[in-house]
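Should a chain be cited, it is by its letter among A, B, C, D, E and F, assigned in written order, with residues numbered from 1 in that chain.
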Amino acid sequence: MKRGLFVGRFQPFHIGHVQVVKRLLKSVDELIIVVGSSQLSHELNNPFTAGERITMIRYALDEEGINPKQYHVIPVPDVTAHAVWVNQVIALTPSFSIVYSNEPLTRRLFKEAGFKVENVPFYHRETYSATEVRKRILNDGGWEELLPKSVAEYIKRMDGVSRIRELAVSDTT
Amino acid sequence: MKRGLFVGRFQPFHIGHVQVVKRLLKSVDELIIVVGSSQLSHELNNPFTAGERITMIRYALDEEGINPKQYHVIPVPDVTAHAVWVNQVIALTPSFSIVYSNEPLTRRLFKEAGFKVENVPFYHRETYSATEVRKRILNDGGWEELLPKSVAEYIKRMDGVSRIRELAVSDTT
Amino acid sequence: MKRGLFVGRFQPFHIGHVQVVKRLLKSVDELIIVVGSSQLSHELNNPFTAGERITMIRYALDEEGINPKQYHVIPVPDVTAHAVWVNQVIALTPSFSIVYSNEPLTRRLFKEAGFKVENVPFYHRETYSATEVRKRILNDGGWEELLPKSVAEYIKRMDGVSRIRELAVSDTT
Amino acid sequence: MKRGLFVGRFQPFHIGHVQVVKRLLKSVDELIIVVGSSQLSHELNNPFTAGERITMIRYALDEEGINPKQYHVIPVPDVTAHAVWVNQVIALTPSFSIVYSNEPLTRRLFKEAGFKVENVPFYHRETYSATEVRKRILNDGGWEELLPKSVAEYIKRMDGVSRIRELAVSDTT
Amino acid sequence: MKRGLFVGRFQPFHIGHVQVVKRLLKSVDELIIVVGSSQLSHELNNPFTAGERITMIRYALDEEGINPKQYHVIPVPDVTAHAVWVNQVIALTPSFSIVYSNEPLTRRLFKEAGFKVENVPFYHRETYSATEVRKRILNDGGWEELLPKSVAEYIKRMDGVSRIRELAVSDTT
Amino acid sequence: MKRGLFVGRFQPFHIGHVQVVKRLLKSVDELIIVVGSSQLSHELNNPFTAGERITMIRYALDEEGINPKQYHVIPVPDVTAHAVWVNQVIALTPSFSIVYSNEPLTRRLFKEAGFKVENVPFYHRETYSATEVRKRILNDGGWEELLPKSVAEYIKRMDGVSRIRELAVSDTT
């Protein structure tokens, strides 16, 4: 059985991520989705907790009809020393033989640890990006169309829109 | 939708745990299985990494034909202050309204945080316990019968038996 | 009895802070003054230790004749996960029912935890700000007038002026 | 001005502690009461949070009519390295010149750091001890008489009795 | 070039350790001496700081005429997760190909990471042990003969004897 | 015996550092070389692990014929509180009486702790700087001439050039 690892922060998990998961599932039997920087939340660039991001991923992949037998979703916090991060991932996940990432640090660390590393085939990256979603939420600009319907609804329901906007308020005026 | 939380260390995940999950799934729509003390491994009482325990849980529940749509498996490390542990669990998991645990500290902490807490209906606890499994592995005494077949095979395959036995060797002779 | 929480870094505690405390004490029976980011010191923006800041607060409020029965001063360090910060504050302080803060993150976190949050009625904020005090100390520009007399004397006595100036020196020339 | 440091865990703060504070206040102008192991709570030997202990201390000393101008109450967490603990205390407290403690590690660490260290003149230690209080709470044996009236009432009000008893329940039966 | 790793706590570094280093230097070109649990000190079983232990090692090996070009001495703290400890050692030391240890956990962790692991050829272990040295210091029983002369002198000079004895005093009488 | 402390990050250790060590060894009997920020690696500004930096220092000083009896090389990680950093250094190193550093924070912290602090006599600092070395490695511009021959060879051998270049790749195109 071939297991692959897909690392992201998923702030939030959007349609581009869904497409990546679908493509990667053609290459591996099982995909481990690592929710990276799991300790971060309530920041403009990292508004959602790991639990909220895990909820989004399940909603999004259920919506797409992807069988949860095919994947694991596992939160992994950052560590103070990059040099032990790969081993922390290994300790928290089922074993895997290939890593999918475009992030230079992640790629280099896994390569030095002897893993095969491949690029993630991103889907219309200029449009479907978490940065773009957060920007549109702030500016009230059609952010829902970048997300699976169930994720957009979840973000509204758990009050994510006002969280992001309140965090953006300046406290000096 | 009613989500419940089931906390354990699962060192290892045995037939008693499987029975508990089956019973709890009759009371909730979705169960969050928290792999507690996720940072621990390679100790006599905590031999397996969180990743290994997650692998066992998936094998065991697949073997039983339980649909993974019904549960989440999420590793949660200990924290230095008990007083913030519940909030760490909340931050790492989808939202939930009921907690299942027999552990006094876990029960008390969730009660103080306002959660409904119920006892876990353990299945033949004197026989099906992780302590008993580890003891039998050390003494070579029929440990496989306490585990789902797929978990017993996995422990052999990933060299878990010799890990436990080597950790038990005294270094003073 | 109504207890309120007032969170700040107080680098240093100035006349504006004294005025805020006086006003808040009209609304609550007891005020908990949280010395935030208590682990920080010896940085240009955070020059003073928590102990030094606690000393300043006591001097300033004594100078103003405020009875220490009316307040608590408690240092609270930052945590790696914002999602557990409120619970750390709760664990380190007497219980409280209202929070005073203008800082967006602090406000949002306490709101999500179910607390009543109100704005701090700052006093001539453009003049009485800790940033302004530190800038004037660096530039030797009449910083004492922004501080209670006892605090200004304490900063001189504990050598705070030279600490800030030495930390500002560039090491590349 | 002469400031002294009195270190304890105060689980809980009892009549013996009150007597110590009264005696020490005859030797110093100001006393810093360090609430040690501030991160611990919800354990049989450490049932109360730092915030709860701070609340007890204020109640107890108010009851005795001790002016809060004479003391500071400051929570200090344990650190992983004993060798830096004294410096953490220094960073979190107003400056002091003498330390009161009977605990061998605390005494040694402050001595090596050059501080004057004196024994605490305990008051009927065999009776007035926190260990005895916790034992009596568990066994329902007249624990209130070891505590200032206001502290005993507070412990009942914040549900401390049932916290201690629930933590003592075994989870294996 | 063949580099070996020798892990110990060296509380304190005694004649047995010196003999081990001499023997190991016959098998490798360079030896990395890891001062483990480097964060511990001022405990009865771990009385000396890492810096003090490093000082002892240099004194002892100088006394024996061993060229410091042949070894490195590197302090390594414990980590909360055993599963990343080997990688922390790797990150803090020059590269090595063989590990010498009798400690079951250390042996197992390095084996799982793919390293060759060999037993340490201890020298009269019943006599030359750090536990025995500490016991004799406590009981004033001829501890110096278990140590290189320079190490015994250093321990006296830096007041190690009284440190161990003071830490052993009970605080309940 | 007079021991001095020389603190740096040594990313990487270059000819300027070698010259500093040679000059300082004229003023002290023994030099403690602290490899600061030892937890950092795999970042553009901190590409090398502490172990790699220790390896470089030994190569460089061996190449120069400096006797390792004259120095210690000790990795020290950053701490969250500057106020305890000096004590962490003290706990990890042999005792010392003088500190050499040009870094304002390091200088100030050691001064407040009562140490004598002197400037490092840097050697052609505009040319021989670690920043310059890293820039030239990125741009392929004659970086080897800034390093001792053995260090340049080591960086090539352990694949340091491609590490730095891969870390500099943008992940957004």
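Keep in mind that, in the parts below, contacts are C-beta pairs under 8 Å (C-beta built on N, C-alpha and C of every residue); 3 or more make two chains touch, one makes a residue touch a chain.
Just so it is clear, the structure is predicted and the values come from calculations on it, not from any experiment.
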Please give the intersection of the contact partners of chain A with those of chain B.
C, E
Comparing B-E with A-E, the one with more C-beta contacts is B-E
Select the interface copy of D-F from among A-B, B-D or B-C: the correct pair shares over half of its contact pairs, counted by residue number.
B-C
Count the residue numbers both chain D and chain E use at their shared interface, divide by all numbers used there, and answer same if that is over half, different if under half.
different
Just curious, how far off is chain F from chain C if you go by their C-alpha centres, in Å?
37
At what distance in angstrom does the C-alpha mean of chain F lie from that of chain E?
26
Mean-CA-position distance for chain E and chain C (Å):
46
Contacts with two or more other chains, residues of chain B listed in rising order:
41, 49, 81, 83, 90-91
Among line, ring, star, complete and other, the chain touch graph is other
What is the complete set of touching chain pairs?
A-B, A-C, A-E, A-F, B-C, B-D, B-E, C-D, C-F, D-E, D-F, E-F
How about chain D: which of its residues touch chain C in the complex?
38, 41, 49-52, 54-55, 58, 62, 67-69, 72-75, 90-95, 158
Would you pull the chain B residues touching chain C in the complex into a rising list?
79, 81, 83-84, 86-88, 90-91
Which residues of chain E touch chain B once you look at their complex with the stated criterion?
80-83, 102-105, 107-109, 112, 125
Residues of chain D touching chain B in their complex?
39-43, 49, 77, 163, 166-172
